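The block underneath contains the structure these notes are about, expressed in structure tokens.
We call the chains A, B, C, D and E, going by the order they appear; numbering starts again at 1 in every chain.
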Amino acid sequence: RRGPLVLAAASMQEALTDAADAWRAQGHARPVLSYAASSALARQVMAGARADLFVSADAEWMDAVAAKGLIVAGTRATLARNRLVVVGRVGGPRLGTLRGAALARVLAAGPLAMADPDSVPAGRYGRAALTRLGAWEAVAPRVVRAENVRAALALVERGAAPYGVVYATDARAARGVAIAGYFPATSHVPIVYPVARLSASDEAEGFRRFLLSTRGQAILARRGFARR
Amino acid sequence: MSFDVDVTVRRGGRDLHVAFAAGGGVTILFGPSGAGKTSTLDMIAGLLRPAAGHVRVAERTLFDHAAGIDLPPERRRAGYVFQDARLFPHRRVRANLLYGARSDARLAEVAATLDIAPLLGRWPRSLSGGEARRVAIGRALLADPDFLLLDEPLSSLDADRREEATRAIERVRDAAGLPILLVTHDAAEADRLGDRVVRVG
Amino acid sequence: MEDVAGIVRLSLLVGLVATAAALPVAFALAWVLARWRFPGKVLLDGLVHLPLVVPPVVTGWLLLIAFAPEGPLGSIGDRVLFRWTGAAIAAAVMALPLMVRAMRLSIEGVDRRLEQAARTLGASRWRAYATVTLPLALPGVLAGAMLGFARSLGEFGATITFVSNVPGETQTLPLAIYAALQRPGGEALVWRLAAVSVALSLAALVASEALARRAGRGVHVL
Amino acid sequence: MEDVAGIVRLSLLVGLVATAAALPVAFALAWVLARWRFPGKVLLDGLVHLPLVVPPVVTGWLLLIAFAPEGPLGSIGDRVLFRWTGAAIAAAVMALPLMVRAMRLSIEGVDRRLEQAARTLGASRWRAYATVTLPLALPGVLAGAMLGFARSLGEFGATITFVSNVPGETQTLPLAIYAALQRPGGEALVWRLAAVSVALSLAALVASEALARRAGRGVHVL
Amino acid sequence: MSFDVDVTVRRGGRDLHVAFAAGGGVTILFGPSGAGKTSTLDMIAGLLRPAAGHVRVAERTLFDHAAGIDLPPERRRAGYVFQDARLFPHRRVRANLLYGARSDARLAEVAATLDIAPLLGRWPRSLSGGEARRVAIGRALLADPDFLLLDEPLSSLDADRREEATRAIERVRDAAGLPILLVTHDAAEADRLGDRVVRVG
């Protein structure tokens, strides 16, 4: 028996895979999970492709889907939160609570890897945070825009860029890379992963509730996501 | 009339006009290099479209500019031995010989006449010049043509092979009574085979 | 999740179906482009090349629009979206320009006088085409099929945009590699999957070379 | 951000440099594969096809590893990483298999007896090659260059993974299109940029067809 | 000795052995179709490698199996007129003629002799059979060869052209004293041109 089709942002891959396994262990059909960029998934939904659940990496794409009336009323909820960090190579200096000119000086010393600040959610949060901390203008010329957070992380891992701005969840498991500093939670709007149901499927609703339950939240937390 | 040809075509900047009418048997097309012999055969076979005129063979109209008739090559039923051999390189000699044949009934006989029986399993690229030429003759004969167009078919053949090939052609002429148009530069060949000579150019 | 055998099976299915489906289309297009003269030929040529020039993501998006319920092909959308058939369509579209080019090159290289010889021997235009032009263009057809299959095996951007990344349905090798790349520490799996891709295409290559050698025994005659 | 003229200029620079750089390499490879017999030929052939089969992201990632400071080519990494030169390298690598295939097909189609004729007329192996084989293979070389250029214009996955998306340095048309696609409501810009891509490749196509017609005036003689 | 040839090669399943030694002037190579005449010329020109034996022309050793000598074709300086024309299809007639020439000093003279002056601007594919053949002869003569290998050079030429081409060959023979090896099936041609006849097969 095939479970419901869940379209999910690629950055939630491990957490949702764990959750789907746990859900099946409870005797349900395992949801089928399709991971891609939120933009690609949202477009598929908006084009009319039939799926049951959508987990976006940011609110904007969920808004776009909602604006088309494709979400079942009352099923949108915040699934998880994330934090933004600066990563550097293992053994590199800690940035502590740097801000303003000092932060700019450090980050602008070499290429700064981050997801595209114009389009990818992680990049947008990163730009907002750096702007708030007074460093954006100085570092903007050194920013290299990766396709997604993982690609940005790879640039740091390989030493192509000394620092990168990524999600805490991605930084946690990467080898050769260490968190050099956290962005203050107040430096950007909260990083939320919204979930919403797209179809009338009861199974999808069950899984959605499971994700939002204490059990589900604990699974996500193990992968570094902050509770909603 | 076996051949009733009156055609004009533009080739390389000048107009080529060939007209002749000939009875049965072998008609020799004779003329200097570049006169338009091959072009004439091409027009009769339907490979080159005349700008004007008509082509009738054995009372059948193959082309008539005025009447708008232009049979495609496959419906003209010419047995054309090209000046170059034009064997199909991706088919062995046997398959080349049988390409236009209805059956392989006459294969052995024709192959023996032309002395190419040992070559049936070979690829065309491994044939000598004269061998390829003989296969090309055999291929045209086996296609059950209504008439033959032979463009220097005996060049690059030694005396014995030439004699055999000549006899094969004579046999076709005498037995089936096919009209034959033959291009040659060899006076002896023309004398022996030809019932009449048409000069081009 | 790491059902490598299943992923390989699916990739082969998608790659073979895409190549088989694109082959006749590519061949017809190659023939038209090689042998016909008509107004708008450059446009057709450009259209064929489109999937090569436009980023795969855009091609995938256009396919999505075409097969969406309100799109021009919406009536069969359900049989395509999030299905392996859709992955095959994406792969075929992306492979088409490569196949057409290789085949066209070979068709243009066939000596037309051999076709003429076939015609005088009683072959219709079509028979001459099937028995002379096509076999003589076989190296190009094989090269085209090979290129198309290899490209299908590597197709990623159009597929994930068009039919998403559904395990067991549309998750071919490249999509599985992408998924693995998104996981911290997924490198080991990436290597394994990439090695499988390479092995598959090497096998296809060897097969196509052997076929080409068999097909190319003749060629070039006095 | 929407400096379309700048993006087009950069795309052309990257595409032309990539094609020009890959051309001689592709031709040498095509020749070796078409005319030589040696053990390990299939391996070389497979290696050339690799960028076609492996997802572009993986190719980009391998390039990154190679040119990263600790990689084997790390010494020139600074001149490549996040620079247009790197984008050109990515495009060239991705275009190579297509170019090699087209050229190889044409070289295999050249009648070796013509090379022999050139040799008896006093031409060295190399002169015969340059004056007979190469010009007769020109349709394939042009087709290969055309395919390579088109592929370069469309290259996305390897580029963004290898040299990221730096406006004015590595942000070619596909990367700009991708960025626009990531934004809700970015469609208008996507269309504009895609139209520009298509126009560029159509122009290249027309040019290459004209060249091919000029080059193909001979071919097939008694 | 102009030609001192003793070669063996395996062709199509049987061994071909040709051996002859000949003085200056024109040596006729005579033999049935498929006997190995073209193969012999190919071996002398360096296009086909003999399994054993040697090839010496005008006291120069071009090939010697025992001594391990095997000059590449371009250093043998043969003026080879192939049985098929083998013109370069991508070069106009003029460029074909000059391919092996040091300068175009003799172009006009040779073109006039062979009656191909009007064809200089043409593409090979637009030539008639005899025209292509004459261009091939001209190309070989213009390459300043040390000896000539002529494989049925006069086939597909009409009597006048044949006469002119024959005279051109005779002139080369008499003036430059080049050794010439000529394949022909035509007894009259052999009689007129040949100083001696070597039989193959």
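Going forward, a contact is a pair of C-beta atoms (placed from the backbone, for glycine too) under 8 Å apart; a residue touches a chain by one contact, two chains touch by 3 or more.
Remember, it's a predicted structure, so these values are computed and weren't measured experimentally.
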{"item": "Graph separation of subunit A and subunit B (steps between touching chains)", "value": "2"}
{"item": "Minimum number of chain-to-chain touching steps separating subunit A from subunit E", "value": "2"}
{"item": "Other chains in touch with both subunit B and subunit C", "value": "none"}
{"item": "Per Cα centroids, the chain farthest from subunit D", "value": "B"}
{"item": "Chain whose Cα centroid lies at the greatest distance from that of subunit E", "value": "A"}
{"item": "Length of the line joining the C-alpha centres of subunit B and subunit D, rounded to whole Å", "value": "49"}
{"item": "Distance between chain centroids, defined by C-alpha means - subunit C, subunit D (Å)", "value": "19"}
{"item": "Distance between chain centroids, defined by C-alpha means - subunit A, subunit D (Å)", "value": "36"}
{"item": "Residue numbers of subunit A (touch at least two other chains)", "value": "43"}
{"item": "Multi-partner residues of subunit B (each touching 2 or more other chains)", "value": "83-84, 129"}
{"item": "Where subunit D touches two or more other chains at once, by residue number", "value": "57, 61, 113, 178, 181, 220, 222"}
{"item": "Touching pairs among all chains present in the structure", "value": "A-C, A-D, B-C, B-E, C-D, D-E"}
{"item": "Subunit B - residues contacting subunit E, complex", "value": "12, 31-34, 37-38, 83-84, 122, 126, 128-131, 133-134, 151-152, 155-162, 185, 187"}
{"item": "Contact set on subunit C toward subunit B in their complex", "value": "113-114, 116-125, 128, 131-132, 135-136, 138, 215, 217-222"}
{"item": "Complex contact set, residues of subunit A against subunit D", "value": "37, 39, 42-43, 60-61, 63-64, 111, 113, 116, 118-120, 143-147, 151, 154-155, 158-160"}
{"item": "Subunit B - residues contacting subunit C, complex", "value": "45-47, 72-74, 76-80, 82, 84-91, 99-100, 123-125, 127, 129, 132, 139-140, 143"}
{"item": "Residues of subunit D that touch subunit A when the two form their complex", "value": "1, 57, 61, 64-65, 67-71, 77, 81-82, 160-161, 163-167, 171, 178-186"}
